[in-house]
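Right after this note come the structures.
Shared between the two complexes below is chain A, which has chain B as its partner in the first and chain C in the second.
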Partner chain A sequence: MATAYSVTLRTPASTATLIAAAVLIVALFAAPAYASRGMIQDLFFILTMLTLAQYWNLLAGYGGLVSVGQQAFVGIGAYALYGAVILGGADPILSILLGGVAALLLAIPTAFFAFRLQGAYFAIGTWVIAEIARLSVAQWRGVGGGTGTSLPRDALRELAFVDGIRALFDVRASAARDILSYWLALTLAVITIAGVYWLLRTKRGLALAAVRDNTEAAKSVGVDASRMKWVVFLTSAFGTGLAGGLIYLQKARISPDAAFSVTDWTAYVIFIVVIGGIGTIEGPILGVLVFFVLQSLLADYGSWYLMVLGLIGISVMLFAPRGLWGLISERTGLQLFPIRRRLVGGSNTKREV
Partner chain B sequence: MIWIDTIIQGILLGGLYALFAAGLSLVFGIMRLVNLAHGDLIILGAYIILISVTVLGLNPFFAILIAAPLMFALGWALQKLVLNRTLGEDILPPLLVTFGLSVVIQNGLLEGFSADSQRISAGALETASISVGPISMGVLPLLTFGSAILVIVVLNHIFYRTAIGRAFRATSDDAVTASLMGIKPERVFATATGLAMVVAAIAALYLGVRANFDPSIGPARLIYAFEAVIIGGLGSLWGTLLGGVIIGVAQTVGAAINPEWQILAGHVAFLVVLLIRPRGLFPRGN
Partner chain C sequence: MTMLSLQNVSKSFGSLKVTDGVSFDVPEGQALGIIGPNGAGKSTLFNLITGNLMSDAGSIRFDGQDVTRVPPMRRCLDGVGRSFQIPQPFEKLTVFENLLVAATHGRRASEAEVTGDCADVLERTGLMPKANAPAGSLSLLERKRLELARAMATEPKLLLLDEIAGGLTDAECKSLIQTIKDIHAEGVTIIWIEHVLHALTSVVERLLVLDFGRVIGIGDPGEIMESREVKEIYLGIDV
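Take a look at the complex of A and B:
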């Protein structure tokens, strides 16, 4: 009677999700064929915010590292791109990678300092470093100092693939650039979600969850807690830097106050993750959609919008700390990206481990 | 000579930063809560004083008598109704709730008072100065520094010599045992936050009289306050004053070399101290 037990991560819902995700990704890649330019720009915004949210969620939700300084990596990624293109004449698209590398390089000393601080002090430490980065970049005359600068027209005109896109969709150069940025954002978002999901399913992901739930217990079974923190922090910085470079490649104009804005690149991201559901992959996806709807509805009301967002964030944290996705999965038991190992087989028993 | 002058200005500026930081240090010491909205609450206090001065025509130093009880009540209610719910093992809820609060207060002020710079007028006091030998010092910065020392003396007195201070220390050490002795931790926490907001109101007065302010400058004050607290070492109010002075001196010296380096120099000083003394200059042993 005894059938073999096996450990699995897959659930019927996750298999369905995988198929639905594949269909969705194909549909999104084809979007320029049927969507308006405004919609492409909106999707670009959603996808880049989703990417930033996934990396912040990896840090705070899985790594327990609540950073309020992610704008440092957005800004440095963006400025590395502008520096390379304006001063070095580099290819803008390849320079996005440089943005990621620059963020990674900044993250090493940042982690060295910030890891000396615990909890809330870590949050402020990262914020201070972001301020230092902003103030230092404002001294960099080559990219416009405090007032900022624009990407040179030549660099934009000679952007790779743009001619091909123009021919393919019969659009103007500026619309073609938006389509290119959109495709890059979609690629980055897909790689990010797949990468985070992969990481969480590996042995490292298990170690990460263990460290988050109980650092001492995790250490006692041989998990190198500080190494996990480094892995998570550097990964997030690299991804955030890539997103920063891409965002400002699309904007084509930069200033230190905008690129290192705590509201745009950290506050919004925190609200997206908290409202959607921290510590899950589904949460930021749901959160960014809620965020976008709220923004579309309330954008005309300026500071009221941010107040409402703040109040919603506070309420969710107080009354539903696991966010909207937490509420949904509690009611339905649904997990689209399961990372829990389950024991299946035997006498038809299913147990969660 | 100019350098001595610069350093004295920096020391006096440190008094203002210590005032920003004292409330933060108090709350952290008692309930391990870090209030990311502290800077914005100071700015809110500055607007309350501004209204009292412009609408009621009060002298700003009397307006504090209106602002301080209001801020106490606000802090008390905030702690009792919102922040107490966030306390616990997990550090995420208090951080995220106070961060949300910061955004709400900032944008609420922006909606109510616009982004225009404001200043609290203190008449002749603003420019009054006294000379000690060749060095001239502003009366207002001296008053700020004196107030910072007074606030720290009073807080230390409350903390170590009064019944409520005993309740603070008991709850800080072990809230469960303290509650067995008839102390209600939620009330103690609410009182502590109320007290921190009174200090914030005093800080707001000097902030508003010293320079222009607008709704967006709260987070920067929060950062200076944090730097002062961390440099000084958690739990030491005199350490916080010294931390404030270090930030203040670094900023004025930085500004004397190049005006654009003012803020940067303060942050760099913070990092240097953190590098050499990770637990601050006067850490409370644990």
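Take a look at the complex of A and C:
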């Protein structure tokens, strides 16, 4: 029968998402014009956590690689930046890229070892490697050893674009630096989400889903499963390293315990992805907002804060394993970033399920 | 020309020898049936041919090349397609996407190039009404059809079918046989493991009997079915 078939990924919601996303991005870039410095700092925190969450989601939700060692790449990215600025006198903003490269370089031997481990052993293996990285960096006297160090004042004062931002918004140098970091974080988050979305829409994205669902069957239909894992692991490491460099450029102070913190850079990130909805792009976005609200509400309650986070995490895993976004899309059928290809045309349209 | 050639292929799991010095050739374009009791090592033999398992000894040649140590993904690209005995769909992908993965990666092609072919396979296997349903929602029968469809989507030279007729109604079985006959008529070499003997013998030109990992007979289906060993060992009839 002479029927023409075509494939579509578009949903009515996805077109609306695109427009809303464009408006939101413009509004966020313009935020320094109307938002307070505290709000800019909060947004910086949300955007960097969102970036980390998207990369962990790519790793665990799409690649099936449940890593508990992403703090290795945050830490090494941050320390590469400090090393380059303090010891090499490099430009701090360009050094963020160096942070990504350093994380990539660390990821190669990490993957070499960790890919020999499966499931829970992989998770523990990545954690162990992150601890080794932390202990090794703590021996590095040039950047303060175990106690850490600060970014030199000169480097901060000569930070590119800061003078321009000061003039533009009529703010102090420290506020201008926050605005600069915020813009960089926004750029990184947008590139990350767009990049992940693009990847998932290519045939590599299909292969990734196939490997996650059934590795043996994927190999049998010609999918290079191990290459997919490498691609995902190295991409995540690079992006996580960039985020690490940026986070500590904004903090201007670093120590091995903070930069390689499993709680801050992996546990919180897992919490964000799990409560938001693992294996979706929407999940981490929703998750980071919930996480931020909880953190603001519970900030004064000390260790109760962590216990409440833990309880919420467990409840979501038990009662809504696909996360809050999973609940919403189940009820409404909403997909903001559709990746499902639908075959339309031919005899199919009439009989579509 | 010989499409597939096994020479003294052996595989053990611990002390259990599941494939024991198996040798046979399959000429290009032939349909070979494999029968044998449960646990005879039939599916293991398939896993060795596809590379999902690596043999301990012996050699496997496919389409003129030694593939004994070649990984499964590369063998698929060379033209080995398979179905799994227990269906292994990509559950979170739709039926169409299952075929799309196979076609784009198994043939190193772009999505646009293979969309029409995938739709064609869906029509031929009767899965078109389910094209956009998640594979995880399919019934067992539909999953078996998806196994066949996904293997077809890679456009194999050699198609390995592992018990895809079990549990079908007569009508379903007939249409399945016709589909396989059509694929065979296009020149695809087929190896088919099946317990539904009338389905098997209506398609294959040669029959191989496996027992305890060894080939105990290979030849004309009629003669093999009448042979003393088959009746004794496979059909459990005391002759």
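We adopt the following convention: the second predicted complex is superposed on the first by the 341 of 353 C-alpha atoms of A that agree within 3 Å, B and C clash if a C-alpha of one lies under 4 Å from a C-alpha of the other, contacts with A are read in each partner's own complex, and residues count from 1 in each chain.
Criterion: contacts are C-beta pairs under 8 Å (C-beta built on N, C-alpha and C of every residue); 3 or more make two chains touch, one makes a residue touch a chain.
None of these values were measured; they are calculated from a predicted model.
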**Message:** Which chain, chain B or chain C, ends up touching more residues of chain A in the combined arrangement?
**Reply:** B
**Asked** Of the partners chain B and chain C, which touch A:N214 in the superposed model: first, second, both, neither?
**Response** second
**Request:** Applying the touch criterion given at the start, work out whether A:Y182 contacts chain B, chain C, both or neither, answering first, second, both or neither.
**Result:** neither
**Request:** Would you check which partner chain A:F260 touches, where first means chain B only, second means chain C only, and both and neither mean what they say?
**Result:** neither
**Prompt:** Once the shared chain is lined up, is A:F233 touching chain B (first), chain C (second), both, or neither of them?
**Reply:** neither
**Message:** Per the contact definition in the header, classify A:Y62: touching chain B only (first), chain C only (second), both, or neither.
**Reply:** neither
**Request:** For A:I132, decide between first (touching chain B), second (touching chain C), both and neither.
**Result:** first
**Message:** Once chain A of both complexes is superposed, is A:Y79 in touch with chain B (first), chain C (second), both, or neither?
**Reply:** neither
**Prompt:** Along chain A, where are the residues that touch chain C in the complex?
**Reply:** 1, 3, 5-7, 203, 206-207, 209-210, 212-214, 216-225, 340-343, 346-348, 351-353
**Item:** In the complex with chain A, residue positions of chain B that touch it
**Value:** 34, 36, 82, 85-86, 91-97, 99-104, 106-108, 110-111, 219-220, 222-223, 226-227, 230, 260, 263-264, 267-268, 270-271, 274-275, 278
**Message:** Quick check on the complex: what are the chain C residues that touch chain A?
**Reply:** 50-52, 71-73, 76-77, 81-82, 84, 88-94, 96-98, 100-102, 104-108, 110-111, 115-116, 118-119, 122-123, 128-133, 150-151, 153-154
**Message:** For the complex, give me every residue of chain A touching chain B.
**Reply:** 60, 64, 66, 68, 113, 116-117, 119-121, 123-125, 127-129, 131-132, 135-136, 138-139, 146, 262-263, 267, 270-271, 274, 278, 302-304, 306-307, 309-311, 313-314, 317-318, 321
